[in-house]
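Which chain is which? They are A, B, C and D, in the order written, and residues in each are numbered from 1.
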Amino acid sequence: MKTNPLEVARLVAARDLRLAFRKPSQLLQPLMFFMIVATLFPLTLTPEMSRLRDAAPGVLWVGALLSSLLALEFLFRDDAQDGTLEQFALSGQSLTWMLFAKTCVHWLLTGLPLALSAPIAAMTLGVPGSAMWSVVASLALGGFALSLIGAISAGLTLGARRGGVLLSLLTLPLAVPILVYGANATQLAIAGEAIGPPMYLLGAIAVLGVTLAPLAAAAAVRIGLE
Amino acid sequence: MLSVAGLHLWRGERHVLRGVSFTAEPGQCVLLTGKNGAGKTTLLRAIAGLLDPEEGQVQWRGAAARANRDEFHSEVAYLGHEPPLKGDLTGRENLHYSIGIRRTLSPDEIDAALARTGARDFADRAVRTLSAGQRRRVALAGVLLTEALLWLLDEPTTNLDADGQQLVATLIEEQLARSGIVVAAVHHSLALAEGRLTQLELGAR
Amino acid sequence: MSEFFSMSGYGIYLWPAFALGIGVVVLNLVMALNSLSNARKDARRRLEMNSPEETA
Amino acid sequence: MATWTWFHRFGSPPYMYGFARRWAPWFGGVAAFAMLIALYGGLVLAPEDYQQKDAFRMVYVHAPSAWLSLMVYTTMAVAAAVGLIWRMKVAHAVAAACAPVGAWFTVAALGTGMLWGKPMWGAYWVWDPRLTSELILLFLYFGYMGLRAGIEDTAKADKASAVLAIVGVVNVPIIKYSVEWWNSLHQVASVMKLGKPTMNWDMRWPLLLMLLAFTLYFAAVLLIRLRAELLRRERNASWVREVVT
């Protein structure tokens, strides 16, 4: 009997989770990278908390963006090399749906931990404790949108030489809106204001991403397998 | 049932497939032969729909395979050069996930398939630690588990010992007996009953 | 005339901008023609190399 | 029926090659003529702006460049989509021919914008929303060209970059909106916006003519580049022999 879509998604997700926990170092590296980037700013800018606080949204978001770019490289690469993506593409199931599941797991393993650990970095940048929930929420939502867009670029660079740099080159301009709204939400949170408007816009991008990005990623992956 | 008509395919500068045509009925096996680089793998990948031929068509059950991709693929098992296995998972886990996304599987079915290909003894070891031949046996169990009508096998006997090569021949015979179709790229001919066999030599010009 | 070139003092910005714009226009035309003539040369060279039978 | 034959004809490389050869000089000629008249109209005939004085004449080179930068990207994405959906090789060649031209005009739009900005804002670079969007557009072009260069097989590069162009074109309005939104939050006081001062007809017709001239010019350059692309892509086809000898 043909597997139903929910079960397909569960199996795809379960496999990725199991593999990830057998190689935890790959999960932790982007996180450490993020922490190091956040540390470099006080060292290069100023140790003065009041000035760091102004720079904090930028530091957190650019750091998060760069470290999620690092993690994006692993999204499809192993699966392309060992033939797993080929089996996905030939399974008779929707590749779009399977890649969506993969992308969600990717966010769960990289974007979410990054958002959850952001308060540590934020604290060292002088962000007040009252803003922490908003920082976490904005980074989590923005990270999800970023994973969706990144999935397209990760698929597109499968067939390319020097995929790593190219992946960043493709993703960064597309990520501008996410960065703008996300950093603004963080900024408002630090100032103690409501973060509603940028969060809604970020949410709108995430919704658009959920509907369109997996389709584009599936098309990209099929091209990459040729 | 499977009909390939006038496939032309270029890889960059090379005109790899130059108008390949053949048909295969249920219970029939097509062996693709030819030198290295003659286009055996390319043809198999084009039939599977992984490559997009510039000209020509692959038809399955009388309809274009490309137009009904998902239905076509649910009846196809493709085994490439490298067994599509995750090194960090055991053979059993690999099959559970990779075949499980195609059809609902019980653990007993997996066990039976592994036993059939002689892979049960090492099915609970991480694939990374298996020899190339052992991996191939696990992958063959995967092909069995798909219950697909059409098998597309690329050098299925690679890395297998004499026993294993015999096993592949037997598995193909059984698939044909079930009215399945097998298209296989091979270097050495397989010990198969003549009547069901068609040979197609590629790159012969 | 010099009044025209000074453009009420904005000439030092205006003329470089027009030079840039026109430069890009000319450059693109030249590059396009160049790439066409290269492609034609390439094609001709290939035709000379390959004997007629082979190019079926 | 008529549209269908039209579609097939334009899908045929030799037909398209001949079409490009016939029409490129006409587009180019008309464009050059219009450009000269528009230059004269803009630099000499048009009166100076009461606020920006003669600096407003920047618009005659900045606006057409900015227009082309976006128009070329859109053309590229439409061609890419046609190529992807109808598997039309000529359309992919059109998309490939678009990218460098578009990138160059984005550079021109940025450069002229900066030269306009200096007298208006007192600095070459100000984080003006339009300049910022233009800069991101340039990065989008870079990504597109990088992806094309990174994939060896032409057919594969065509398809992958087509997906990217479509994703990019969906993103362009979102980027533009987000940049404007970002700018409105950080409104710096009394910065004069680049762009359209209120223009009377004497000022406006040279601009419209210049936009037309740039568009025709782009058509001419595109057709020339298309011929080069077609020759390169179809080098094994028999029609190439006839057109180059």
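In this section, contacts are C-beta pairs under 8 Å (C-beta built on N, C-alpha and C of every residue); 3 or more make two chains touch, one makes a residue touch a chain.
Given the structure is predicted, the values throughout are model-derived calculations rather than measurements.
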Legend entry - Pair joined by more contacting C-beta pairs (B-D or A-D): A-D
Legend entry - Chain centre separation (chain B, chain D; CA means) in Å: 48
Legend entry - Where chain A and chain C are represented by their mean Cα positions, the distance between them in whole Å: 42
Legend entry - Whole-Å separation of chain centres (CA-atom averages), chain A against chain D: 32
Legend entry - Inter-chain centre distance, chain A versus chain B - centres from mean C-alpha coordinates, in Å: 36
Inset, instruction - Among the residues of chain B, pick out those that touch two or more other chains and give their numbers. - result: 52
Legend entry - In chain D, residues with contacts to at least two other chains: 152-153, 155, 236
Inset, instruction - Could you list which residues of chain A touch at least two other chains? - result: 226
Legend entry - Chains grouped in pairs wherever the two touch, ordered by label: A-B, A-D, B-D, C-D
Inset, instruction - Provide the residue numbers of chain B that touch chain D in the complex, in ascending order. - result: 10-12, 15, 52
Legend entry - Complex interface listing, chain A residues touching chain B: 1-3, 7-8, 11-12, 14-15, 18-19, 22-23, 82-84, 86-94, 98, 225-226
Inset, instruction - Can you check the complex and tell me which residues of chain A touch chain D? - result: 152-153, 156-157, 159-163, 166, 169-170, 172-174, 176-177, 180-181, 184, 201, 205, 208, 212, 216, 219-220, 223-224, 226
Legend entry - In the complex, chain D residues that touch chain A: 84, 136, 139-140, 142-143, 146-147, 150-153, 155-156, 159-160, 163-164, 166-168, 170-171, 174-175, 177-179, 181-182, 185
Inset, instruction - Name, in rising order, each residue of chain D that touches chain B in their complex. - result: 87, 152-155, 236
